[in-house]
Each structure stands twice: as structure tokens, then as C-alpha cells.
Amino acid sequence: MILGQNQYGKAENRVVRITRDGSTHHIKDLNVSVSLSGDMTDVHLSGSNANILTTDTTKNTVFAFAKEHGIASAEEFGIRLARHFVTGQPAITTARIRVEEYAWGRIETPGSKRHSFVRENQEVRTAQITFDGTAWEVVSGLKDLVVLNSTDSEFTGYVKDRYTTLPETRDRILATQVQACWRHAGHDADRTGPHADWEDSYRQAREHLLQAFAGTYSLSLQQTLYRMGTRVLENCPGIEEIRLSLPNKHHFLADLEPFGLENDNEVYFAADRPYGLIEATVLRDGAEPRIPVDLTNL
Amino acid sequence: MILGQNQYGKAENRVVRITRDGSTHHIKDLNVSVSLSGDMTDVHLSGSNANILTTDTTKNTVFAFAKEHGIASAEEFGIRLARHFVTGQPAITTARIRVEEYAWGRIETPGSKRHSFVRENQEVRTAQITFDGTAWEVVSGLKDLVVLNSTDSEFTGYVKDRYTTLPETRDRILATQVQACWRHAGHDADRTGPHADWEDSYRQAREHLLQAFAGTYSLSLQQTLYRMGTRVLENCPGIEEIRLSLPNKHHFLADLEPFGLENDNEVYFAADRPYGLIEATVLRDGAEPRIPVDLTNL
Amino acid sequence: MILGQNQYGKAENRVVRITRDGSTHHIKDLNVSVSLSGDMTDVHLSGSNANILTTDTTKNTVFAFAKEHGIASAEEFGIRLARHFVTGQPAITTARIRVEEYAWGRIETPGSKRHSFVRENQEVRTAQITFDGTAWEVVSGLKDLVVLNSTDSEFTGYVKDRYTTLPETRDRILATQVQACWRHAGHDADRTGPHADWEDSYRQAREHLLQAFAGTYSLSLQQTLYRMGTRVLENCPGIEEIRLSLPNKHHFLADLEPFGLENDNEVYFAADRPYGLIEATVLRDGAEPRIPVDLTNL
Amino acid sequence: MILGQNQYGKAENRVVRITRDGSTHHIKDLNVSVSLSGDMTDVHLSGSNANILTTDTTKNTVFAFAKEHGIASAEEFGIRLARHFVTGQPAITTARIRVEEYAWGRIETPGSKRHSFVRENQEVRTAQITFDGTAWEVVSGLKDLVVLNSTDSEFTGYVKDRYTTLPETRDRILATQVQACWRHAGHDADRTGPHADWEDSYRQAREHLLQAFAGTYSLSLQQTLYRMGTRVLENCPGIEEIRLSLPNKHHFLADLEPFGLENDNEVYFAADRPYGLIEATVLRDGAEPRIPVDLTNL
């Protein structure tokens, strides 16, 4: 028997960092998962933990680093953690840090106090940082961004086989729950790790995804997906590759004919399962595909 | 044996209503649950369905009504459905309609087209309408409104018994996931049902909940809850009773002392379970308590 | 403004108790929620915690009691906790303890060691104990018990109105996810609390629910529900009242006609939403209905 | 821009197949997800659906095949579907079918009727079949198999760095929620696809996982994982590779010292997050690793 790829760490460390700027507070709310690999044959074969930095220690490190270094962004925080684990322990050769970030808005109040927040947005921001001692890989993303176009979507001209019953349509709702991961370029320079304005980068990518979804007259969800991916690559020079996973959240026209009512694209039944699932990668010319086929950003 | 309270209907009808105003579209996205009761002894004892309007028919009615009458608000739609079932079938004496409503914002795009939406907010709006042929009860509410104060909360002066270990604190995070139901007054007038500007009423109640949470220097979550409830009653004359269920979403100070670090209310661990759970009703003087102790708005 | 019903406590304390009988171990795996009420006006109005036994203390008590008294059953453990809180603190007049219990089976292995377990069953056992210093109420139950009859269910003879399209059927799948709560009799004797063989009582009630579901030729889910309730009452003399909440987990015949195939009750589509929801209480003659209309056993 | 890997299909088709053998019925309850890829550049770039077999058609095919061919096993059913899509449509070159299967037991009743079932087990069986017109890959597995040893687990001898606070322990609970995928050998023979007794193969793999978990005196979860993987490979000659993902479901000893109580491994707090996560592949000598690092069996 052979031991193949293996990794371990503490998953889902829920760390909240408050920064006080006088009476104005700022909040970062993350879910951090650590995955380490390296010289781990002994622990699997004999149970010797001599090379094991415990998962409990990795958890402690997450919280200590939040204090010592603050959390400027999910990516920056992950880079710092990955560097620490790989450079700090000889047995650990690769670290992968995954982060979910939850969005908070301010509750606007009279007076000067600014320490009250309300969770906003449905979507979760994600980041995955991998460092093997030499090369860095930073993949940012989001999930659960739910969007809907109430028109400008049709679906026609497809293959008909024995099992095809779907009628063609010139006007339908197109809705999806976006899961997207995009890989940043040029991150093999040195051990300090990549630098970027990760907050701004995320805002831009998210906005281009929304604009491409809203602005595309859709002949298929694949076409919309491809426009979303290319728009991000066209406008964000630091991004080399993007993968999108788009469930087709079907909104079926309610059949009102039995009641003598015409349904002129007004009343829909929002179905749960099954759902179409459209997934694809879009790459910059010359870029190497490295995002896995199945997105698993936590 | 005696048959006690019983009710039946179709739960979780996911209806989406699009209204087109030229190139500007509007969306209402509801989850509607119907519960009917009345002369239903036979169906339980003998299986005779002679008095049964099927749950499938109640589902059809939801979709047909969305077409025939539109959806001005969750409450208005529920009132119309409740009236229909009670007045339309002699065997049905009471109808309870529950509605969840999901919030959508617009994706702002260049050009004049306005048919693109993005799900926003974490919280879900709720409404429950009950009609027994004479009296109406309208209970509006929300759930999953997550809020957090990063200071202005303390917890001291409590009972200490043999099992008490909690240290007192003068500065803590106070966070909760608001579930609230408020009952509207004066709804026993006639069979057409109550009228109000339900959209505005909801916006106001939600805003007062946020303002009371943010503006209260908190000595206990009970005190904050009571301020939230009273603020709604003080500012919304049409509301007679409100019940709040507030889980204390604990944010524990990370213990960084073993690492020689001081944690000056900066780094917190957001815990899942267990959690404190604080629940109470606040009533206008003379109002009768009618909201159940355990909130179950869907 | 008036403060109405209020309660507080620590919810979802996940306590696991191991008992060692030589090399044979036993496990109890509970989720315990404490809810206390009493003289709590001050904490709501002024924030004074002088009457507050903290939720943290109630959590500690759960774990300490698991050590000091063991966990003979969910009900016995809840009774002990309720008595402690009401008799131990003058300000606390009522305690409600809710328990979920998860089922574990043994992994049978060669040799004499018996300390390995596997989670079994889909369903969760529940218990709710309420004590106000005088009267006891013990409500046992279960949830997520998923059952299915592949025949012996029909649905005909119902009301047809304008919105009815459902065809009658003489043979359908009947499937549901049982949620049931049953209230035990005679529990107002003294402050030590009610006594019973709660483990055996639960096993019997569960088995009668299964047998009634399987053994009833069903003309409606209401009829099946009523048979389930009456069978429990007929066979379990200590039970006075039972409430059942039965979602009709629809299994629709797949329409295979377009493919020239006949579907003779062989292939079904298991739908998620919407679903019928049938709820009713069955009582012993003379019993007072006390289980709430909406089941919320955690 | 370049279009990279892409795939599409209908996910989560919930098909239930009843087979009647006189008054004895049998049930298969699956959740089937179809993923197709091939010559799909046009649909992404121009929105032309000329090569698209719609996701709706793939759904219809699942239900039609359940009628035409029955469901002997998740794997056999998936193989048939994959072959159909790849051989039936020139544009489709690869099909990946994923299946979840839910376990039902019989409700034993008096009399000869055998058509009543109850959902049993916590775990879900999984299968993934991939066919590219030449080579077959069959990966079976399971998820949510929750197991616990109440002793015979220790954890000592690990690295201590600045952030280490965890005390060593000679006796702890070891609990996990097994997710496992195992790849079958020798499936590149012909277009009819691989043959095996999939039902028996699954039963054996599951049992060896349980026995290895229960029978290993554990010095680390990695060691237990490796024993689970090797035991399956040693005993199931048709399996070449297995990957396990084992969250360490921490059961922390409740600290009862403040109450003057000794906790001799009796009372535990079952924590939710964070959790250790241990993942590894074990391969037969000479086997090529093909199971992805992140398990995503639906």
C-alpha cells in the first residue's frame, strides 16, 4: 500500500476582529480553514506525532495572528498564515488556507458612535491561498450570489432526441446562484508572498460579474457564464483564470390555463430540485488551468 | 378518543410574481403556506374526503391569485387568500396563511432596462394572517436579521451559585439574530379584511428594531430586547403586541495570554452552540397576548 | 407598555455521557435547552441582573448534573434539571427543559471490547419537561422519522372547485416525515417529579406509530394520522394527548407517456416543495389539550 | 480568452423506483446528477444550442431509464446513463453521473404485506461514473457515516511551538463523520462498461471501514484513517484507490473542577466548530492517483 496525497489542519475557525478608530469601529468576520501537508508518512503508518503541529495549534495561530497582524483582507491574512506554517516547521512543505468572509454593513444612527452592524448580502466572499515554499497561488471568489433577470433570456434550437419534451421559449426568467473562483497571476516571486489591493480587486470582480449577468441578452446560461468570465478577465488584468458554477434556478411559468387565465410571463413557480448546473473555466491566453473542476471554496 | 385541533394545507408554495412597467420590472418573491381547519372530523375518522379542498387546490389558488390580483404585499396577499378559503367552502371555518418574503435589490446598469435583480439582506420578512369568518389577526415579522454591537454592552451583578464560573464583564460584543413577530390592532371590522400600508409598516418596524438595538447601552440582552419591543410599540400605533426571540450569539474573547499577547477586546471567537436564548413579549396597555410563546413564523 | 411572557436560558448544550461497565461502554448523546422564567421584570426594564442565574450557569449545571446524577433517560435528566432550577432560585418560578437525543448503535467487533458506536436512525428523540413548582408536564416525542408505504393509499372523493386540477388516484405512494409529541398523564403529584420507565415508554410509542402507519389502508393522510394517534393512546395508558405533524412528502408518478412508456406505479419523482402538511391532536376522553398547535420540540 | 474545462447537466434528480414482487415491494431511492461535456464551444461563445442535449432531456432520461432498465444498483444505473449520453450524441464526449442513494429498512408487520419502509442509517451511499467513450472510471463511496470510540485513543508526542497549548492525553473520545470514495480497478475494457456485484462490494467496503475504525488503538486520527484505507484495499481486490476525509468531531472533557467534581472521562462537550480535518489517499502499489484531493461526491 502507498500513502498518497494527504493534508490536515483545523477547519472553520470563526474569528472576528474589531478595530477601534476612536468611536468608529471596524469589523472583519472570517471563517478560516488551515490545511497542511509535508513529511507526514510516519503519523499515518505508525501514529508517531513527532512531525505534527497539532490542529489545535493551527487554531491558536489564527487567533494570535488576528491580534498580532490584524486582518487587512482575507487574502493578506491567508498569505501570512501560509508563510508562517511553511517557513516555521521543517516537516510542513505546503500550506493551504481557505477563508470565508461575511459582509457587515453599518446601522446608521444619530450621534457619533459607530459600532453597530447588520449582516448584509446573501453572498459569502472566499479566498484560498496555497504556498509550497516557492510558488504562491491565490484564488479569490464568492458563493451564494443570487441573481435574476426577469426577461432577455431565451432558449431555443437545441437537440431533440427521444426523451426531449421541453418546449422552446423566447422569454424566460434566468436566475442563478453564482459560485465563482478566480486565480490571480504572477505569484511566484518570493517568500514574502504576493501583494495587491485585495479589497478593491474583490469589489471589481464582483461588480463585473453582476454587470455581465445583467447586461447579457442570454441565449443559453453557458453564454451568460462565458460573458461573466470574459468580462472579469478583460477588466481585471491581475486575474488569469476564472471558474464559474451556475445552477440554473428554474422558475417555471405557472400553468394557469385550467383556470381560464393567461400567464403572460407574470407568475412563476420557483423550483428547488432538480436544477441545471452549468460549469466552465475561462482562461487568459497562455494561462495554465489550475482551478479544480469541482469548486469547493469551503 | 377525541380529535383535537387539526389543520391542513399546502406548505411552502414558492411563487414569484413579475410586474412589467415598460422596461422596468418589479419582483415579489414569496413562500406561501396555507393551513385550513373546520368540519374535518370525517376525514380523520373514516377517511371521507367530502369536506376536503385538496392541498393541491390550495396551491393552485396561490398561483392563480398571484395572476388575478397581483401581490401588493405579503399581508394583502395573505388576507385575500384567507378570505377566499373561509368564504368559499362551507366546511372551512378558519384559514391561516403564512408568508415568507425574500428581498431583492436592483442591479444598476447603464441604459434604460431595469429587469435585473440581486438577492439582498440576510433577513426574511414574514407575515401570518388568520381569519375565522369573523375576526382577523395579522402578525407581521422578520427572522434572521443578524446584528452586532462591538461595544456598549456589559454584564454584571448576576446571581452566583455553586455552578457559576462566568466572570463579569464591562465591555463585550453583543450580537443576535433577531426573530420578531408583531400583531396589528383593530382587525375585527368586516369580512373584507384589514387595510394598511403594509410595506411602509414593515419598513418602519424593521428600522425601529435596528435603531433600538444600536442605540441601547446594554446591561443585559433582556434590557435590549425590551427596548426593541417598546420602541416599535411607541412608534407604530397600529401594533399592539410584539414578541422577540433573541439568541445571544456569543463572541468570546480569544485567550491570547499563553502567547504573551494582550487581547484588548480585539479578537473574538464566534461560537455556534450553546447559545443564550432570550424571549419576551411586549404589549400595549390593555392588549391581549395572542402571539404564541414559541415563534414559528414558517 | 407591559412586559408579557418571557423566558431565557442556554439552548443546545451538547452533552455526551459515557458510562463504563468494565470493557463495555454505554453512551448517551443529548442536546439540552434550558428555559427559565419568573420574577424577571427588573432585568427587562432596568437591566438589573440581580435575579438572573446566568445562561452560562445553566450550561454548567447541565454538564455537572451529567456527572453527579448520570443520564438515565432524556426525561429523567430533564426532570432533575427543572426541579433544581425552580427549587434552587427564589426568582425562578418555572423551568422548561427540552432535550434532543441521538441514537447510537454498537459496531459489533471480535473480542470483548465494546466501546465503538455508529450513529443510527434518521429520527431524533425529543422530550420537554415543564415544572412550575407545583405541576409537572412531560411531553415526549420524536422528529424526522421518515416512513413510506408503496401502496395501499388512495385519494378520491374530495371537493372540486374552480382551482382543482388534481386527478383522483386509487394507488399512490404515501410518505411522510413524522413529528410527534405525546403528553404523559398524572404528573402533578409532588416536587420529586414524575416517575416512569421512559426508555420503554419511548420504544413502545415509536413502534405503535410505525405499526399504525404501515397497517392502515389509507384513504387520506388525515385518516392515517388519526390511526397513528389513537393507536398510541390505546396502547400506552400513561399517555393522555398526542399531536402529530405529518408533511405529505409527495412522490409524483413520472410522466413517461411522451416516451411511449407506461408507468405502472413504478417510477416516482420525489418532490421537495410545496408539500401537504397535515396536523392534528388526538386526546383521551376528558383530557385537556395542552400541546401547542405548532410543534417546536427544539 | 480561452474556454477551459466545461460541463453541464441536470443535478439532483430525485428518482424513486418501486419493484413489486407479489405483495413484497422493493424500493430504490436515488438522487442522480448528470454532467456532460464535449464539443461545447459554440454554446459558450455564440449561444448556439445546436449541440446541446438539454438538461431537461437528461432529467427525462433518468426517469425513463428507471422504468426501462430498473435500478439494480447506483453504479449499474450510472453506467447505463453514461453510456447512453456518450454513445447517443456525437457532440458529447464525456459523461459523469453522480448518484446518492438513501437507505430504507422494512417496517416489519404482521401479515404477508411487505410494502412499508422506514429510512434508516445516517449515511448516504454515493457513486460516480465517468465515461469518455473509451475508458470507464467508477468511484463508489459514502458520506455522513458517524462513528465514535469512547476509549483506545490517545494523542501525545506532537510538536510544541509558541502557539501550542493543547495538553497531551492518554484517553480521549475519537469521533468522526466518515466521507470516503474508493475507485474500482480495471474498467477500460469495452463500451458495455464494467460489471461487478456493486451491492455486495459496497457492503464489504462499509463494513471494513467500520471494523478498522473500531479495531484500531489510535495514536492519531491519521493512523486510524490509514488503517481504514488499507483494510479496504487489503480485503477488496477490486479497489485500487481510496480517499478518506475525516473531520475530528471533538468531544472535549467538560471542566467540572470548579464544582469540586472529578471528570474521569465521563462527561463531554460535543463541539461544532472548529474541527480538525484529516484527509488522505491510500493506493494499491502501482495504482495511479485519480480521486481529487477535495471529495465532492455530490
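The chains carry the letters A, B, C and D, assigned in the order they are written, with residues numbered from 1 in each.
Everything below uses one rule, namely that a contact is a pair of C-beta atoms (placed from the backbone, for glycine too) under 8 Å apart; a residue touches a chain by one contact, two chains touch by 3 or more.
Predicted, not measured: the structure shown is a model, and the values here were computed from it.
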Which chain's mean C-alpha position is the greatest distance from chain C's?
A
Would you kindly state whether over half or under half of the residue numbers at the chain A/chain B interface are used by both copies, giving same or different?
same
Chain A and chain B: spacing of chain centres that average the CA atoms, whole Å
30
Report the inter-chain centroid distance for chain A and chain C in whole angstrom, where each centroid is the mean of the CA atoms.
38
Please set out, as single numbers or ranges, the residues of chain B touching at least two other chains.
13-14, 60, 64, 163, 165, 258-259, 272-273
Partner chain D, residues of chain A touching it in the complex
1-14, 33, 35, 40, 43-57, 59-61, 64, 88-89, 91, 155-159, 161, 163-166, 218-220, 222-223, 225-226, 229-230, 233-234, 241, 243, 247-248, 273-285, 287, 289, 292-294, 296
Would you pull the chain A residues touching chain B in the complex into a rising list?
13-20, 25, 27, 29, 60, 63-64, 66-68, 104, 107, 109-110, 113, 115-122, 145-152, 173, 210-211, 213-215, 251, 254, 256, 258-259, 261, 263, 265-272
Which residues, counting only chain B, touch chain D once they are in their complex?
162-163, 165, 258-259, 272-273
